[in-house]
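Each of the two complexes below includes chain A, the first together with chain B, the second together with chain C.
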Partner chain A sequence: MTAATALDLAGATLREVNSTLQAADGGSFRVVNPQGAHALACGLDAPVSVHVDGPVGYYCAGMNQHATVHVDGNAGTGLAENVMSGTVTVTGNAGQSAGATGHGGLVVVHGNASARCGISMKGVDIVVGGDVGHMSAFMAQAGNLVVLGDAGADLGDSIYEARLFVRGSVASLGADCVEKEVRPEHLEFLAARLADAGLDADPADFRRYGSARRLYNFHPDDVDAEVAR
Partner chain B sequence: MTGDWNLRWSHTFSPDVLAEIRRAANTGVYSIRGFGAKRAVPNFDDLVFLGASMSRYPLEGYREACGTDVVLGARHASEPVHLDIPITIAGMSFGSLSANAKEALGRGASAAGTSTTTGDGGMTDEERGHSTKLVVQYLPSRYGMNPDDLRRADAIEVVVGQGAKPGGGGMLMGQKISERVAAMRTLPEGIDQRSACRHPDWTGPDDMEIKIQELREITGWRVPIYVKVGAARPYYDTALAVKAGADVVVVDGMQGGTAATQDVFIEHVGIPTLAAVPEAVRALKELDMHRTVQLVVAGGIRTGADVAKALALGADAVSIGTAALVAIGDNDPDLDDEYRALGSAAGAWDQYQAGNDPAGITTQDPELASRLDPVLAGRRLANYLKVLTLEAQTLARACGKSHVHNLEPQDMAALTVEAAAMAGVPLAGTSWVPGRDA
Partner chain C sequence: MCGIVGLFLKTERHEHELGRLTGLMLEQMRDRGPDSAGFAIYGDDRDDHVRLTVLAEGVDVDWGDACGRMADALGAEATHRTVRDHAVIDTAASGADARRWLIENLPEATVLGYGHGMELYKAVGDPRLVAERYDLAGRTGTHAIAHTRMATESAVTTAGSHPFSTGEDTCLVHNGSLSNHNLLREVLESKGESFQTENDTEVAAGYVAWRLAEGDTLTEALERGIDDLDGFYTFCVGTRDGFAVVRDPIACKPAVMAETDDWVAMASEYRAIAQLPDVGHATVFEPDPARIFAWSRS
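Up next, the complex of A and B:
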């Protein structure tokens, strides 16, 4: 393996670091002194590998395509928001809206994720080693949220077709979110994704939640039609 | 009404109010419709231009130049949007509109030298292909959002709200969630889609500043970032959008059109466009950002006079939705029989949400959509935009202006006390601006 190219945010500007990462079509990078920078390593569009030494701010690895971004530390709001593909991993905790609106790829948070984790997710898989905050998977459309710890209040409120797996307790389920049967294909999926995430848990310990599909359509009454009959 | 003079109709419980009570009692669901506010509110008709006089010298209509070009987004973007005319096509989604309608809007706008805008639901290749300048919207739903489309757009419009429903999310009824629309939005086919009203990954202007930074980092600081707000608190919203780093602020008044919204929202939330423009301009001037951050005004713009008045109040450009749809064939009197068969009439039809548009514009039904010829419709839109521009120029020349942007509030008077107070121009025949010391 060739040595990673070092990028130092203590000396270089965010624009310089991001344009270097965005211009690369492969290779490995190590970003040092991130000092909580926002929008770090966002908009990557190639199979590059980025290792960030330290905490990042908002929207780290936002809209990621193909790249592997590994943050050794905590991440702020909107980690890997709208991620399309690739893998984004955080060894610490993640702020609100981790993996929000993500279309694909894998987001892994080893610690806890705050409120709205996986909000409006559209196909991404999110694996959280710890707990997730309230309103997680709000309006989640597609993809999978796997939580090894507990989930906060109103999990999966107004959920569409995403699948939610929680090992611990769920403070409460949001509107139209119900517990569903765990079938063999779900156990298989969990085993594979937990392995991808490098997290150790028994798939059999998870419960599954999803949409009751009762909010998908308005249900108008039609009193007049009944009277006419 | 002859012979009916003994019938005393209630103003409070008017026939349309009674009909709505009955409709509500029958269905148990609120009324959802398209179009904009239908009630009368103070608007640009309540202003007049003064024209030239002893002390003001007009320009020759056919000989002297009167510029109409506008540059949007030079504050931070390395590639600002250059338009030939100060009239843009507002964001209307593929989904709410047919692919042919989107193509027609792109063709018309491109021919007229202006931009068109995507909407809730993402960008289509057809739309990108037919629009020389295309603004991509960044909405709370993030349907179809992806970095490739951000990079192939000419500008990004962060939508905080729209005039028809400040505080409400998008809606698209099941009839219009076709296979293609559903796939673009990652939703099950046929559901009544109610989009989020809040952005999923920020709250408030401080977060939005960071979001704008992210969008710029993803697009290499190339394209301008607009922020669109419904006219709710335009003074504060404009100031906060500027603070968050917007290159352009779009303010959409309460008359603004919609594809599908609760009627109660359309008619009762937000303030009129006329009232919103001076407030937005005041914020820009106080921050010394007028003309540095451009102001685009939307909501009920119909004529070149509306365009000129919005500019005279301090806007840099306007944006049109409903009028553009009418130009390409919406509510066409030739289709009156078909509108009547649907329980409406040409000119009154507002059921954009229903998906059964006889004009083939607000539909996803392939057969209906094929009724709209995008080439002809595009020509109509280009013609209409040309007329708006010529009218605005005519008014500007009459006021002695060599560019439409040189129009100013001092060129106008108000016909009503309300309009004088909202627009901050004197009531005609007086020097009185309500609320200001004489």
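Up next, the complex of A and C:
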């Protein structure tokens, strides 16, 4: 295995580091001295591996496709926003809106994720080792949010078809979010995703939440209805 | 947008470099608020005296004459020193009386704040230049809060810059905007608070000062504020011996905090906190919405 290419944000600019990462079609990189820089390793579109040695600011690994981004530290607002595929891992805490609007891939936060984790998620899987803040999975459309700790108020408000798994307590469920039965396929999914995330928990300890589908105003029967003008 | 930072020293270890550390934090928030900046710094606390920080922007004020007239009116000696367009007036009179006298008798000046330990400086312009102009880096003390402004609710003026203070040793910086400040200003005026600008944040500062004067603790005042202040906010509040952070219940505006054995810091973005000593061993977290995070030296 070849050694990772070192990129030092104490010397290089953020734009230089991101340009190097975005130009690579593979290989491993180690970013040092991030000092909370914003938008680090965002827009990657190749199977590169990026290890960030320290805390990052807003929007780290945004829009990620194919890449594996590992942050050894905390991350600010908007971690892996609109992630498409690949894996983004943070060993510390993540700020608000982690995994927001994510379409695919895996986002792992070993510590706590803050408010609105997984807001409007569209297919991403998010695994949080600690707690998530209020309004997590707000308007979540698809994908899975797995929380090993507790969830804040209004979990899953106005949720569509995403699945929410919480091991700890839920402060309150948002509008149209209800508890649902945990079936064998859910236990199977949890076991696999927890293993992917490198987090140890018994799938049987989780409760599942999802949409009651009472807020769905669209019905296929209405497709041909004339729109009043 | 706006950027806010606060640094509260839990021990004496970094008191000699409080200003320098606050300046490093403020520098990182330049992008968030390039139009104006300000800072309040607490130190050199004296029980028997108060200091008033007064701004005379674009006008010449005879500070010696003003101090003499104030001393005659209030029956207590007053001295002054100037830092560019700011003057720091030292008096044994009541701070509230001295503030009122200055507002009524020196209308060309703006009283930025007063207290036993607080001084407050602000100006329009690049935050880096504002920090240099008022020698932030050379200052010592126990705690400081600072602000970089991108104006939304009122004009880009020095008087509209943060921090805002209306009560003794109390000041506040704000990221966000309030929506009920005009009504609340009238309510507070009817209770005796006086305001010098049209700014929303000054109303929040007046609200906290009013509640403290009514006997609330800082935490109680801020808890009540969650019900009474409508809008988006992350506030960082300084008092004579304390420091607090609160976010509105939605928590749209960012905030990150860090704590070590020696200090507690808050900022709009982590990169400000990244400048602090021993940050690698700090506990870093995002403050929960509608929860008061408060520290004091006791």
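FYI, the second predicted complex is superposed on the first by the 217 of 229 C-alpha atoms of A that agree within 3 Å, B and C clash if a C-alpha of one lies under 4 Å from a C-alpha of the other, contacts with A are read in each partner's own complex, and residues count from 1 in each chain.
FYI, a residue touches a chain if its C-beta (ideal position, glycine included) is under 8 Å from a C-beta of that chain, and two chains touch if they have at least 3 such contacts.
All values reported here derive from a predicted model rather than from experimental measurement.
S.K.: After superposing on the shared chain, does chain C or chain B touch more chain A residues?
M.R.: When the residues of chain A touched by each partner are counted, B comes out ahead.
S.K.: Going by the contact rule set out at the top, does A:Q96 touch chain B (first), chain C (second), both, or neither?
M.R.: A:Q96 contacts both chain B and chain C.
S.K.: Quick check on the superposed pair: does A:A142 touch chain B, chain C, both, or neither? Answer first, second, both or neither.
M.R.: First partner only, chain B.
S.K.: Could you say whether A:H134 touches chain B, chain C, both of them, or neither, answering first, second, both or neither?
M.R.: second
S.K.: Per the contact definition in the header, classify A:T68: touching chain B only (first), chain C only (second), both, or neither.
M.R.: In the superposition, A:T68 touches no partner, neither chain B nor chain C.
S.K.: By the touch definition at the top of the document, which applies to A:S49: first (chain B), second (chain C), both, or neither?
M.R.: In the superposition, A:S49 contacts neither chain B nor chain C.
S.K.: For A:A115, using the defined touch cut-off, is the partner it touches chain B, chain C, both, or neither? Pick first, second, both or neither.
M.R.: second
S.K.: By the touch definition at the top of the document, which applies to A:T87: first (chain B), second (chain C), both, or neither?
M.R.: So A:T87 meets neither chain B nor chain C here.
S.K.: Which of the two partners, first being chain B and second being chain C, lies in contact with A:G57: first, second, both, or neither?
M.R.: It touches chain B and chain C both.
S.K.: Could you give the residue numbers on chain A that contact chain B in one complex and chain C in the other?
M.R.: Dual-contact residues (chain A): 38, 57-58, 77, 96.
S.K.: Tell me, which parts of chain A touch chain C in their complex?
M.R.: For chain A paired with chain C, touching residues are 35-38, 55-58, 74, 76-77, 92-93, 95-96, 112, 114-115, 133-134, 152.
S.K.: Mind listing the chain C positions that touch chain A in their complex?
M.R.: 251, 254, 256, 269-274, 284-286, 288-289
S.K.: Residues of chain B touching chain A in their complex?
M.R.: 25-29, 141-142, 145-147, 150, 174, 185-188, 190-192, 196, 200-202, 207, 210-211, 213-214, 217-221
S.K.: Which positions of chain A touch chain B when the two form their complex?
M.R.: Its residues touching chain B are 14-15, 18-19, 22, 38-39, 42-43, 45, 57-59, 62-63, 65, 77-78, 81-82, 84, 96-97, 100-101, 103, 116, 119-120, 122-123, 138-139, 141-142, 160-161, 216-224.
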